[in-house]
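The first chain written gets the first letter, and so on, giving A, B, C, D, E and F; residue counts start at 1 in each chain.
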Amino acid sequence: MPTLTVTRRVHFNAAHRLHNPKLSDADNRRVFGPCNNPNYHGHNYELDVSVEGEVDPTTGYVADLGEVKRIVEELVLSRFDHKNLNLDVSEFRERNPTTENLVVAIWEILEGRLPGRLTRLILWETPRNYVTYEGR
Amino acid sequence: MPTLTVTRRVHFNAAHRLHNPKLSDADNRRVFGPCNNPNYHGHNYELDVSVEGEVDPTTGYVADLGEVKRIVEELVLSRFDHKNLNLDVSEFRERNPTTENLVVAIWEILEGRLPGRLTRLILWETPRNYVTYEGR
Amino acid sequence: MPTLTVTRRVHFNAAHRLHNPKLSDADNRRVFGPCNNPNYHGHNYELDVSVEGEVDPTTGYVADLGEVKRIVEELVLSRFDHKNLNLDVSEFRERNPTTENLVVAIWEILEGRLPGRLTRLILWETPRNYVTYEGR
Amino acid sequence: MPTLTVTRRVHFNAAHRLHNPKLSDADNRRVFGPCNNPNYHGHNYELDVSVEGEVDPTTGYVADLGEVKRIVEELVLSRFDHKNLNLDVSEFRERNPTTENLVVAIWEILEGRLPGRLTRLILWETPRNYVTYEGR
Amino acid sequence: MPTLTVTRRVHFNAAHRLHNPKLSDADNRRVFGPCNNPNYHGHNYELDVSVEGEVDPTTGYVADLGEVKRIVEELVLSRFDHKNLNLDVSEFRERNPTTENLVVAIWEILEGRLPGRLTRLILWETPRNYVTYEGR
Amino acid sequence: MPTLTVTRRVHFNAAHRLHNPKLSDADNRRVFGPCNNPNYHGHNYELDVSVEGEVDPTTGYVADLGEVKRIVEELVLSRFDHKNLNLDVSEFRERNPTTENLVVAIWEILEGRLPGRLTRLILWETPRNYVTYEGR
């Protein structure tokens, strides 16, 4: 059977602040610029979740993307959407919520929980910035 | 000379919380749902700024959209982009930062400051929600 | 209070066939071309639903777009999404499901049922074709 | 019968230079900035052509958008697409090819030639700049 | 010479029904949900066709994307666009027209027929669902 | 540390003409069609610049995309944006400015100059045509 990748795009929005408590305030401002605003700013995130596998001869699906959507909503969106990533999401109590750390955290949540093998996440922070992670 | 409308689209992102201090906490949660999160959430906003006028026979422009962009950046984006609308933007000390109130506040800032007559603002809060204001 | 227009964009997909039973088969093919395929074809539709009103001083909303979404889902999407417009939707037993007739049918369903005054529908049939109706 | 607006979006790309021969070279550079480059630059243009009318009870169409497309291709795209607006398009021998002048020229070409009444043109010069003309 | 991938995006729309005749009606409804509607539904599909190769020193092209477009129109779009995939397209007499099976069928049609080596197809069924196939 | 790819999308517009002086005029017209217009045509280009690397534990970044943007603006956009690629950009005095040659030229400019390892460029010439280069 051929092997394909199927992708579901989901949306969430959140507030965050980029900040490393081990750096001085001046260094935080220098490194993170306006993203270091102590009062937070925010984004509409778009997340592409890709799973790879062979086509199931009974369904013609690699994976039921409706099921992928439900799992991502339950495990990720219910905890990240309309939240403050720094204050409301336990993964970012210790980690700086950059797009890079965000996509790795989402990988750790989803890996092994989806129908099919998770092979790629793409996370858009703005229409001009995105991060791709393939779990390596 | 013909009359046209010229539009410049600009981008900013911000955190906010929908909340009316005159309502109880329970009513705030009921009315605003997850948008009432006390820790804020956020959005990538897209703003279309439209000015109307006759075509200038010397330039062939209704308005120099580069100048429109510079003015919007100076008067609006410098104060709203990468900010917390509730805490950092004086217009929302007393006003709830809904998309509706946001677009009216931007109108009040821009009216009379642009080359040409401001006739419409469209503010996208998400790719699926937008508000249009024509100053009436 | 200022008057604004707030818009919610929703999605549905459906099969349809353009056909007028009062015309001959040859005329139907000539007028509607490949859209007359007796076996149907289909589209992903995007629908912008706009309501106009004054900003409510308590909520800062013209209308709760979450409520607009729920009503459009209940009254329109539940009946049109993943359907064959000609066979499954009663409005098109007698009416040809062109984008024009579709947007008028949606208007008739939604008028008077939304919070705020319905003032415009935009229906995209493809990324290159859309119809606008303001109820006149 | 209800009155609706139907719109077809078309694409063309072209080179141009913004320049007014009545101004000095220094003034041209000051007014038009990099758009005054004597060697030209260029754009992918998107054009929305809207016609208004009552729904024809026989077809269910305000206008056949396939026919609108063919007429716009014949009258506009065949002359503007993959062209240098200043050198190849007679309308801009004397007129500066700003987006404003371009949309007025397209209006003059299309008015009275389309099925239905031409009521609006929107011309996107970039994904962030567009001009709207309603023939007044 | 460097090796690059060039991609042409094309559009088609079609009706389909997801159904496996070897399953009971109840199982078909459970597995495919609203996509199992016996009267069909439909989509606007976007297809990205990618070919890889070295840059030809005479043309500066890996492949003439106009030629790629013409071949895809002749071999795929003429048979799939404005069609019912289940009833009108021979590949789906026996195969369930899921996006996965659709992209594999398109690969089988195009492989060896394009200038350059076909290396990837991406097929969007909706703006939120897509499938990628690299021929393995 | 996990390895990720971070991408910044930038925009420029330019005029160009596809032409090989070693071919006859007739062959140039046959090979390049309307893109061979001696007076040039033009495009809005979108360029995705991707760098790969491990997440820096201090910043949480693979690379500061603001810095990526500044370098691309300085090295590429300042020389390509609002230019005639054939006449104004030294790389295309001898090379035909196809999208393929353009993306290779941009690679040669950016390689080794960005924070992190440049691993992919995607260059969109129109919303329907793009070229991907991974430096091989």
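Here is the rule we go by: a residue touches a chain if its C-beta (ideal position, glycine included) is under 8 Å from a C-beta of that chain, and two chains touch if they have at least 3 such contacts.
All figures in this text were calculated on a predicted structure; none of them were measured in a lab.
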Lowest number of touching-chain links that must be crossed from subunit C to subunit E: 1
Listed chain pair B-D, B-C or C-E that repeats interface D-F [over half of contact pairs the same by residue number]: C-E
Most distant chain from subunit C by Cα centroid: F
Identity of the chain that, by mean CA position, is farthest from subunit A: D
Geometric centre distance via CA averages, subunit F-subunit A, whole Å: 28
Between subunit D and subunit E, centroid-to-centroid distance (C-alpha), Å: 33
Residues of subunit E touching at least two other chains: 127
All touching chain pairs, where touch follows the definition stated at the start: A-B, A-E, A-F, B-C, B-D, C-D, C-E, D-F, E-F
Of all residues in subunit D, those that touch subunit C in their complex: 2-10, 50, 55, 58-62, 64-66
Subunit C-touching residues of subunit E, taken from the complex the two chains share: 11, 13-16, 34-35, 37, 39-44, 81-84, 87-88, 126-127
Partner subunit C, residues of subunit B touching it in the complex: 18, 20, 22-23, 31-33, 95-101, 103-104, 127-133, 135-136
